[in-house]
């Protein structure tokens, strides 16, 4: 007997959007989340405002959660992980573990929405000193400050006079093994730069970049806005070292458009760390038997025209579990994954039951 | 076309410079652990062993008596504790012989058997990087001839020079990647009746000192707590084929090589930071020979003056031939021009030997160094005047013909 | 430093030299592609003193821009410090390694700029190739190192005595860095012959080649080694 439930693994933007779509299509969804609450990375990593519209992330997440909770067909298990899979499309049996307790649930289809994790700057082969200097932050470290509507130099507690972002940390790098572009960091850095300028207008803000990748509307919504309205300085060239000199951090790079080495003292340095497959993504690949593509994300062999179908029938993927994604891509994929999953269940149901 | 200001291009440094922070301090709220599973590149040592299994060459194994350390990508490296074959450095033996002597002296004091071969040539990489009058097969053949010579003695090769060490790692990569090159070098060695032998690990002598640091500490007779050191790590140790260098998460948060710094910390000396830590010394290979204005300027403006301004150390410690030479010798001309220089420079081998009570002239041969080291010796509690008088009387004996050479027994004579 | 003039060359000559660089066995390991991030320049000591850019050298080669390449292979490559700080390249390039190849090709082809760049370094080449140790104590002559101060004079004046005052038995030499077996030297000469290094020397310095050849032949004959 085919199951009428779509099991959605992951309660972040992709999982929540997929669950809402399944529910709105009149289907049943079960969302499984390892954390004790829903919201995913925007919640876990304290995102302040979303890119590109500056909407408070907590408000947006709350809205997504509320939409799901309002749907009678959708149920949620938090603090729960998937530990085993049996069966096939239309008739999966998945073992859920919560603390010591385990339970087997049935599902007709599965959507993997396990997202990404931020690159650990300790593995960067440039010398950025994240584990040496507390005034070196990551994008999400700064988000946590912005969420509290402040920008301060951790070592002094004062507002910074100079701050820079360094792009492509852990992305586009053969020496590290992450050869992909993480897509969103250029936009997020520009967004954060604008927020810094709003909170600390006297602060000089620089962004060191290789290529500014500002797709579509992000160009004028973020890049031009940062440059024209907030006088954020974009310097084409990447920093090779961050090291302390006196009270300041010194960043060393080449200003490639001017063709000269540059050394600039900074109060704060923000590393634009990229996306890597999350531990949950890697784990679900093993538990569910779903192959990864060459970069280590969940493979969707029908790309680019089918972004959600994995190599295992009945198992779909949505969001950054399949590779670096912005929110627009994520929710778009989640909707398609939900549609495919519901369609699969309905086909299975119609072939299993005689039309009466 | 050249700019006189090496620090051009950026806003200038803050005018009030404070003493360097101690780099060994890390951000404890953040803890970083290397995961070897995330290493971005294949482990070349596995390829080396695979080639042995295929009959391509012999792999000389690290002796059973060894110590394991962690390298850049979180992998484990075996450092031999004893029974080592010493691939000497031409620049050390030729111009700063206290460097090589101190390495041998440490081996003798620690009772680790060693072999100081006559069947050894330079790696010839100084010439290769300076004049390019060589090529990949010649460089590989020189390396493999030396490794075969080590293998024949049964002692494990330990390389004194950072450039030899770095270059031999390049050669290892080339030989692993290119079967034709391997075949060519195998033929050349066959003409000498030598087998093709690749060591299981490439070992720099400073790695041996690193793993011996606790033994050295036990034998330390000087109080070094008031000595401030700065460290200059050699580019060819940790940048050229980067994955073999030693890292430790307790030192610089695992972000910079722990070599030398961890030894100095263990010996009880202070290690100070400075903002051009990652910069090259300026040696330049050909520059130090024929374009020394560059070498001098870089060494003093980018390195020594920064160290002086930011950390005001008692000594600069480094672990490579070219770096000791460049950083030490370049200071004379800068001093004559009234620049803010004047930091003695020596290898960590010499510094560790001094700490263990080695004679500053008979063993560490500091009279071959240029920048005044006497204030450092005084601060370390070493009576250099007495030591020099002792050495002078040694020289008198040699002059008189009573003895031909200073011996190891003489070196430790009271 | 003296700036060698870039001699005009035919497009065919430039293409021929470029082709030799690309054909080197190491080229594929050293050059992948360049997105001009500038990390190599930021880490480069030579870039701080010279109008020198490992990024531009790599980019010119990637673009197969023969005119730019020609300037680089004649002039700029000799400013590189060969420290390999540029090996941090996120694309996995080794600009320093590329420059090593370019220098070798310049020497082998006997480019005049290479001959000029090597002027003053002959004795080092002679020392390493003939004695097996790159530098020797007797090279520490005050006239060669006037900028190193009076200590060089001390060393040179006391050289024989100070060398005898070294405890390691292998270090009592003055013309080589350490004592080296004849058999070892014969093997080294064999390597120079069999890998074409002697021919490289001939291309840039005939006089040096002649002296080296004489020294080597003598020892090889003593050991009954015939070099084809």
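Each chain carries a letter (A, B and C) given by its place in the written order, and its residues are counted from 1.
Criterion: contacts are C-beta pairs under 8 Å (C-beta built on N, C-alpha and C of every residue); 3 or more make two chains touch, one makes a residue touch a chain.
This is a predicted model, so every value here is computed, not measured.
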{"item": "Overall pattern in which the protein chains touch one another (line/ring/star/complete/other)", "value": "complete"}
{"item": "Of A-C and B-C, pair with higher C-beta contact tally", "value": "B-C"}
{"item": "Distance from subunit B to subunit A - Cα centre to Cα centre, in angstrom", "value": "44"}
{"item": "Subunit B-subunit C separation of Cα centroids, rounded to whole Å", "value": "21"}
{"item": "Distance between the centres, which are taken as Cα means, of subunit C and subunit A, whole angstrom", "value": "50"}
{"item": "Residues within subunit C bordering two or more other chains", "value": "43, 48, 88"}
{"item": "Subunit B, residues touching no fewer than two other chains", "value": "7-8, 242, 278"}
{"item": "Subunit A: positions in contact with at least two other chains", "value": "125, 174-176, 240-241, 255, 261-262"}
{"item": "Of all residues in subunit B, those that touch subunit A in their complex", "value": "7-11, 13-14, 16-18, 20-21, 23, 25-27, 29-32, 34, 38-41, 242, 249, 252-256, 273, 275-278, 310"}
{"item": "Interfacial residue positions of subunit C with respect to subunit A in the complex", "value": "32, 35-39, 41-44, 47-48, 53, 55, 88-92"}
{"item": "Residue ranges of subunit A touching subunit C (in the complex, touch as defined)", "value": "125-126, 168, 172-176, 210-211, 236-241, 252-256, 259, 261-262"}
{"item": "Subunit B-touching residues of subunit A, taken from the complex the two chains share", "value": "120, 122-123, 125, 127-134, 174-177, 240-241, 243-248, 250, 255, 258, 260-265"}
{"item": "Parts of subunit C lying in touch with subunit B, wherever the complex brings them together", "value": "1, 3, 24-26, 29, 43, 45-46, 48-51, 78, 81-85, 87-88, 97, 100, 103-104, 106-108, 114, 117-121, 124-125, 128-129, 132-137, 139-140, 145, 147-149, 151, 154-155, 161-172, 177-181, 183-185, 187-188, 190-192, 194-197, 200-201, 204"}
